[in-house]
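Below is one structure; the comments refer to it alone.
Going in written order, the chains are labelled A, B, C and D, and every chain counts its residues from 1.
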Amino acid sequence: MPNHLLKYYQQVRARSEEICAPLQTEDYVVQPVAEVSPPKWHLGHTSWFFETFVLADYQPDYQVFNDQFNYIFNSYYETVGKRVVRTDRGNLSRPTVKEIYAYRAHVNQAMQKLILNQGTDAKLVKLITLGLQHEQQHQELLITDIKYILGHNPLLPPCTLLTDSELPSSNTWLTINSGLYTIGHSGQGFCFDNELCQHKVYLNPFQIQKHPVSNVEFLQFIKAGGYQNFEYWHSAGWDWVQQNKITAPLYWHYVNGEWRYYNTQGLTQIALNQAVNHISYYEASAYAQWKGLSLPTEAQWEVASEQLNWGQRWEWTNSAYLPYPGFKKLPGAIGEYNGKFMVNQMVLRGASIATSPGHARVTYRNFFHPHERWQFMGLRLVRNQ
Amino acid sequence: MPNHLLKYYQQVRARSEEICAPLQTEDYVVQPVAEVSPPKWHLGHTSWFFETFVLADYQPDYQVFNDQFNYIFNSYYETVGKRVVRTDRGNLSRPTVKEIYAYRAHVNQAMQKLILNQGTDAKLVKLITLGLQHEQQHQELLITDIKYILGHNPLLPPCTLLTDSELPSSNTWLTINSGLYTIGHSGQGFCFDNELCQHKVYLNPFQIQKHPVSNVEFLQFIKAGGYQNFEYWHSAGWDWVQQNKITAPLYWHYVNGEWRYYNTQGLTQIALNQAVNHISYYEASAYAQWKGLSLPTEAQWEVASEQLNWGQRWEWTNSAYLPYPGFKKLPGAIGEYNGKFMVNQMVLRGASIATSPGHARVTYRNFFHPHERWQFMGLRLVRNQ
Amino acid sequence: MPNHLLKYYQQVRARSEEICAPLQTEDYVVQPVAEVSPPKWHLGHTSWFFETFVLADYQPDYQVFNDQFNYIFNSYYETVGKRVVRTDRGNLSRPTVKEIYAYRAHVNQAMQKLILNQGTDAKLVKLITLGLQHEQQHQELLITDIKYILGHNPLLPPCTLLTDSELPSSNTWLTINSGLYTIGHSGQGFCFDNELCQHKVYLNPFQIQKHPVSNVEFLQFIKAGGYQNFEYWHSAGWDWVQQNKITAPLYWHYVNGEWRYYNTQGLTQIALNQAVNHISYYEASAYAQWKGLSLPTEAQWEVASEQLNWGQRWEWTNSAYLPYPGFKKLPGAIGEYNGKFMVNQMVLRGASIATSPGHARVTYRNFFHPHERWQFMGLRLVRNQ
Amino acid sequence: MPNHLLKYYQQVRARSEEICAPLQTEDYVVQPVAEVSPPKWHLGHTSWFFETFVLADYQPDYQVFNDQFNYIFNSYYETVGKRVVRTDRGNLSRPTVKEIYAYRAHVNQAMQKLILNQGTDAKLVKLITLGLQHEQQHQELLITDIKYILGHNPLLPPCTLLTDSELPSSNTWLTINSGLYTIGHSGQGFCFDNELCQHKVYLNPFQIQKHPVSNVEFLQFIKAGGYQNFEYWHSAGWDWVQQNKITAPLYWHYVNGEWRYYNTQGLTQIALNQAVNHISYYEASAYAQWKGLSLPTEAQWEVASEQLNWGQRWEWTNSAYLPYPGFKKLPGAIGEYNGKFMVNQMVLRGASIATSPGHARVTYRNFFHPHERWQFMGLRLVRNQ
């Protein structure tokens, strides 16, 4: 089992670096908006997680790589002390990319030793698994942040392309009967604390789309003046549209009379039969409103999930990110992982083409603020009866 | 029935003016923060509501009092055209208070005529009822806004006192069994559109406090350092506490080593056995976290409501303000009443001592942003099992 | 001499109230932008000046009217303690207008007694004179602030009209020879400390316009696209134009294809042969740049002043507000009057139709930030050789 | 002469790259505050200057390196088209450092050819000289920006040290008689347009310090509570101190009870007998006020300059940055060089240890906003009589 764990550890850790392989040194450094962290910060922070929450507790002779890194790579753990203000991450030229790769190697070496020696300790295995799942979350952020960094550079430099699948030209409506259903994670296998507390929900009958909404469908909303008509929008969404002069999803450019899209290979034509991407909750909700339909709740989504074609986009639900009944925060720093964000955000379900292999589950609860859209975000519709 | 409706109309409309009776002219004008509107604006806006949504449609020969008032007194109805930016309401010295009272009289006269002539038209009756319920909502805002205006003046001038009742010295836990319950409004009698779509919910068993949390209990949280310890707070709540240097509920002042409270009669001692007042969702939630307990969901609150001592404070729930299953926005301007606010806000249940008589219902869904606390807001706890 | 001083005192004090006579109570209260103070604040602050700097020192038995007024009516004197944040002045409904008039009467009564008893004390006379000159400065601010309050109300209510004189249809160029000139105040008669330190300046020969620039001339700048062409503007001025979408002087409205002007009587035609009014330094400077000419320095203006037609507009000069050689701040609170503002502002010379009678001098140094334009501000040009 | 010019060109261009030699790639990229540009931007911008203002006009067959670079490297020339918003410079990872060095080489090659072919054309020589003087200005900015980037990194990484000379332990007062003096540049040899228009000024007699104010003297101001006492400060300076919690010059750190200084080699002791460094105009002025003395005007400084020990710090004067009498903006983009900044800034005279060799002149007019202090800025005092 330690060998299995070690292999798992090495695979996950290696993938972070593979994602960054096409980058130039300069691409690792910048933070064009507050929510996009520099790639080198992600690489350091995920290593700091193992150093702080695993090695410091389980490896008594562990030598901290650099004791100022706690200040630099702590993301939001108040328990673990002061930290660089989030918006300053892109102002730090040091540590260099090279030093951060050395930091990763240093942590990996200590982790390898630890796993081989104590890799049967159930509590430790659980903690390491959390660290790897955490790193996988940052892998998706690496992809979205790199896309933002390059996609907002006036030179629009190309980078690795993610493969997107085609949708059928017409969608299908699935019918779900009313009844009492159970949602949430059973606790077998890994899950985050916010998925626990499996519980019953009663649902009215509803119909749900088998496939996510496509670009060609979303184009109709744009052409119908959807971004110019307040009546489809939340009040806060309409303010957001006005203040930011939003007229299309992120990465769409109107060039010579037609919409084009930055897909990490440069500006290209809109792939009409792919799922719409990079829209905010406000846009998803306005689209549904325009159609006279709704976004699914997270319970609806989860109950229907077996029959859905999902995994291309994180899908906005109409559920706010709130604790499941009986949810309790874990003690200590790990307890800051999820619970303290359970306000002002909306749940997204599914996974995306940027999600790391093996990281998706139908009980997974992703969450973002309603205006955010730099993740691979789309939607599907329900018809409530 | 027209006579009955007329009497209802007159009572409600008169109460708005009674609330303002103790004011000096200057008190009608100011807007110390964006969410507190000048009292004269409330008096005008509620009249504009009748002029715009009732008289303009039902009274063909109605003479608009002043055609610029639509621009001045429209609150947020995009359908009805441009309007004064919300934060500019307190920058307008004109129309004067006297002119606004004349405006009210003008509208009242036309409404009286309309009610007597057409007061049996069911659709009209419904619309007038909505206008009166709307005015009652603004009556509560008048009280809270006047309290804010005087309570943030360095002279702390006195004003009318609302009577608050005492709580028993110890609280009682009520037990609710698990099961399928129905919540929402049946549609008999008046309700807002957001209460409709009565539906079933499944609840786990839980216990809920009979009485709201008192000042003496909340003082213990303060004394235990609750405002200084991040672990009880949402991340966004902790930021709010830090940025605004919050150390106690609104209107609390620390004077010569003890907490005092502005209760509209000047600074007074904390009434230990009254329900805590003027706390934000963040504070309510931190208090619950400190106790190791939870805020009720709105379903829990409604299901238990028959057994609760409620009506002194709007009570923060742990439910986000979202549409009930099947909710549809009404067409036209009236459809902007509720639906477009269903994001980023939390539901409060119950009513407060500032709520107008006859305006409370157990299905009522009030909603505010998590940091807002100038309403009469408190909490009660649940223990989830 | 005490009688003479008393009469002077009474005339000046009465004029402040005369300026406010046409106001409604509500007009006294609001502060639509930070730099516009509520008229009631001006009335209180000018009285507080006498209470704090005269009565408290010279009248041992003086009863302070209300000891919280020091907090409310202190403008910027750090020496005298804490004060209401400037932007909060318009948030205070109390003290009421009536109370402030009572405050004025209370101060006037005490001042009358003081003047009759001690009105020959030279130091006291000087201090009272300063207080009256200070009040005259606030009288001009009262006029400009009232104009702003009413001129930014959507109802554009009328108020008292100031009489403006006509300019000749063509301007005249006066020639000033090069040489050593003396500028600054000799110290005979009242002046502010910033005018003292009379000193020599050497001027190159120049020509200066006899009359200020007129509306008809400024309209040509507008029609020539002056507001759309960066090359006439300072970099900071161009940013200001862009951010605030400035296309004309303050109070100009483009209605049905022509420019109209709010002159306190409502919207009216542009008075073509009156001096252009309500322009910022940035606009004055851009106009000069467009003409290929310059604004005068304050020395040029003062040296030429005897031959100029001045007094209708404060005229922007191209001199920054800096101390004259040898300037020293006075000790104590009175020393805060001028010196601490000598950075980031530009000097205006002359006087305006809103300046109080007897308050103008050719050595007077008025000063405002380069973007401000709610005062009665215009310009005249020089040709440097 | 072309050979001489070519050598001059090569020396200046090489020095920019020498300054950057100790940097890591990451150090070239970041922009921790708006006024600090990424070193790679400076390297690109100075090359763009030659490409745009020299090669495009004089070298008909010149191949632009990358036509998007005009958008990326234009600093503020409205004449030359749109540009990256200044605060976005640090958000651009591309072009890479390597590409920018290739850009420099490309421009250098074309410039070499141009100089050898047309290097006797007087107008061209003048333009190239301007480009090289411009590059020298950016060399000083490179030094100050690199210092800021490293000096605000929590790791405080070391970099090249500039040599600072010691001051004598006591200062000397020089006396200048009153009289008519001439200031400004005669036009012989290179100068910027803002130094032209040599003109006469009359000065009262004054005394001026031979040496700049030292750290030991400035420490006395700190110890005397100078940063805590409003009466030494301009009103705007006091606001700046309060809002930014300023208690010492930039790069000073209070560690274990004593002040230390980041001098690009890490934290070190305060060099007591060196000139105080990195203070704003507000601090310079407060220090003078505390001493009961003044900052020199730029005329005083220039008239006394022959007798002064200068060149270690840019010295704040008490003169605002305004045009000399008769100043005219040059036509076209080059006219944007200086004139459009002549508002809201103060003049600094002298030069600093970061100034490029051969770039200093006694008529040089440097200028910054009164709160800026990341340049090598100090002061000396005058006593006006």
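Definition applied: contacts are C-beta pairs under 8 Å (C-beta built on N, C-alpha and C of every residue); 3 or more make two chains touch, one makes a residue touch a chain.
This is a predicted model, so every value here is computed, not measured.
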{"item": "Selected from A-D, B-C or A-B, interface repeating C-D by over half of its contact pairs", "value": "A-B"}
{"item": "Centre distance in Å when subunit A and subunit B are each reduced to the mean of their C-alpha atoms", "value": "36"}
{"item": "Chain centre separation (subunit A, subunit D; CA means) in Å", "value": "45"}
{"item": "Intercentroid distance (Cα basis), subunit D paired with subunit B, Å", "value": "57"}
{"item": "Of all residues in subunit C, the ones touching two or more other chains", "value": "none"}
{"item": "Touch-based graph of the chains, sorted into line, ring, star, complete or other", "value": "ring"}
{"item": "Complex contacts: residues of subunit A adjacent to subunit D", "value": "24-32, 40, 68, 71-72, 84, 88, 90-97, 149-150, 152-155, 157"}
{"item": "Residues of subunit C that touch subunit D when the two form their complex", "value": "76, 78-79, 180, 199-204, 206, 230-231, 233-238, 281-282, 285, 289, 294, 297, 318-320, 322-323, 325-326, 329, 335, 340-344, 346, 370, 384-385"}
